[in-house]
């Protein structure tokens, strides 16, 4: 059958059932917006979590009798280990300053010399920021000569590890539910628009139209509804993102892929829903 | 060409026709009459295979109700011209597209569609209303659209269910003249009707049905 | 009781009727005839106020098309009995409920509904099919349901658009007998028809329309 | 008009358009589930944020020469201040232990006596956990005789304050969008089911039914669709909550009011949507 005829028929379906088409496109758009918002949310959450993890650091206390040169030497050695990112060397003097901040008193108030050891604050590279890998790095650092003790927030790290798993689970679950809800709502909407035209399908069959002849214009229509719905959803998403950026959170992340995914999603849903719905009325002889 | 062998038909478990046997040969013109609810429309449904008999067999052209596949039914229907009692026009298409639809399903394209559609619309006196939608037509005009759609395909048989029910005498006679004309060109006609005036004025073979039984 | 004063009617900007004037008095029986597409159904639509004239005035009982309020239209329609050319049965209700609906809108309740509905269904010979849905009926049976619904309300006038279009001669005569019976009881009848047999057998005043003009 | 007749008509509408009813109820249920999930999420977020805030504490350093009795005395005085919750007194000895944990060295390694001051960790009551109030409390404590210095994480607090505002904004905005999406989808669905029956409304009018006579059964139907959809949504929400509690997070909070709100919401949406949709076909004479 002629491609252009099918396309024309599908497009005509738009004007033939204008109200139904408007309703469907709006519904498609809002359901897709839902999915889009969820994708934006996930993306930003991923960034945030990355931000938190990257703040994990090891505190390496060196023997207190080491001088600055020796300390910096050890810093260099640590730097060579796999997974180690930036290192911040804290000399005895800096440690004294830190003490004052922490306890509201200078060490020199009670003592003549500074008893505090020099230390290094070691950041961990991306991809190495899990409990087990950090444990290994910590052990390697501990074996370096001149290192007294390696301290890091084991508990915090394991809490983060556990929480992130948990947050991923929650977000994944919520996302799945959202997507399922959106799909069901879309499918239902398109089913209803075809339900409203079941008589027409019946008549077409009586006039000798084959199933595929009847189905194709509906598929084109579903495809178009998915497409225009997705465009509308993209528009609304774009607006929402810009409003959020202006008013609330200027660093909101977004990727062009999300817009593309929405269009793809819309097309697939439009096609599948209309295909399934039409088939329902084609089954009977 | 059309053969009913001891056909019984149920709808929703209700027996409508019982033990019907008759035959219509190529190029024949026959009426099917009987009181309201006798089963005339049901006989036609059996012919366009909207209904499959519970017992017996219906043979249309080379298709048998016992063996026809779902996929073949549209092929069969395209070769029939059916005027439905309730018209069954597509409410979302105008007159032209309604008639053209029957051609397009058969794969006819472009200019050929236009030529054929305009010719049959002229034949039923509706050329000037080709852009109207069914709701914008009177009952008789809708009936004439249904007639145009039935004959546009050059079917081998026209099944006409009360084609003059909504037409005045003059228009009825015109329709009958059209049917007789295509009948003379070799198309068989099977027409359900109540109209005694027509039966008398255009005498042809009459198949009588009463309460689901053939009335010889 | 029904008065048309120089009525012109357009639908969607298209002129359908021009300068129609006539009057039907209480208890009268009149036919309205004319070729297909002449405007018969349109005249009836003007009476049940589904259409308001562009020029002129239609007066039905105490309502004038020039002054009637939207709220009053249902009140008027309940006092008319309309047999629509395309039946207009509610497809999602069975025969009984279709007829009962016309009673219920007027506020009739309970046992009275049942009694009246069963009586009119018996009158059109459909008592045994009261639980069927419209799709489960033949064309003629649907027509008889439409007739039953139109007369169940004891209207002061019955508007009948081709009430015998789908009925055989015998059934048509029965319907005409019913209409004449209720006419004798004081109900006016205005019936659009093409059927010359009926016009001859049940002679009454004839209003002729042609191309939207009254044909005296 | 008879109430029972209206009710019966409305219920009959269910079986008259069984497919449309099924579709609508499913759609209503899923859209309401969406709203329900959002309410559960908000509730839990409120709890979490409360949890974080309640961890804010002031560190009150006392003069280092105070003995235990004097320290506990000051603790009592602090306790009397408005907004102060629990107080944890840290004696000089405990401070020494803390020092060892923090710096990996005992104070006694270098000194004979303990130079660290006693201190109190002061928690703030719920409702007083904002930047400004805590600043006031901190000032009051500072005026108590024997108190050397009051330290708390001013920055963290103001960050939390800002973030919470931000999170509330995001959540509120997202919630509003979700609710709007759900409402539009529901409204569209119900509109479509009535669109599929526009011919019937037309016929009813021709037979002399008044607008309210036609509208009422549709309202009952919409009401019922809202009701059954809400019940289904409540069921799905209940299931989801229990699955989440079993598999992911046993402390997931939920209130009976959320279930009630869903039912209320369903009823209102059902009524309003069907009322608006029917009116569309009643407008014309």
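For clarity, chains are labelled A, B, C and D in written order, and residue numbers in each chain start from 1.
The working rule: contacts are C-beta pairs under 8 Å (C-beta built on N, C-alpha and C of every residue); 3 or more make two chains touch, one makes a residue touch a chain.
All values derive from a computational prediction rather than experimental measurement.
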Where chain B and chain D are represented by their mean Cα positions, the distance between them in whole Å: 66
Chain A and chain D, separation of their C-alpha mean positions in angstrom: 22
Length of the line joining the C-alpha centres of chain B and chain C, rounded to whole Å: 29
Where chain B touches two or more other chains at once, by residue number: none
Chain contact topology (line, ring, star, complete or other): ring
Which pairs of chains touch, using the document's own definition: A-B, A-D, B-C, C-D
Sites on chain A touched by chain B in the complex: 1-2, 5, 16-17, 197, 199-200, 203-211, 213, 285
Sites on chain B touched by chain C in the complex: 11-12, 33-38, 40-41, 85-86, 136-141, 143-144, 161-162, 165-172, 194, 196-197
Residues of chain C defined as touching chain D within the complex: 48-50, 52, 70-71, 73-78, 80, 82, 84, 88-93, 101-102, 104-107, 109, 149
For the chain D and chain A complex, residues of the former touching the latter: 19-20, 23-24, 26-27, 30-31, 33-34, 37, 41, 61, 64, 102-105, 109-111, 115-117, 148-149, 151, 166, 169-170, 173-174, 177-178, 180-181, 184-185, 188-189, 191-193, 195-196, 240, 244, 248-249
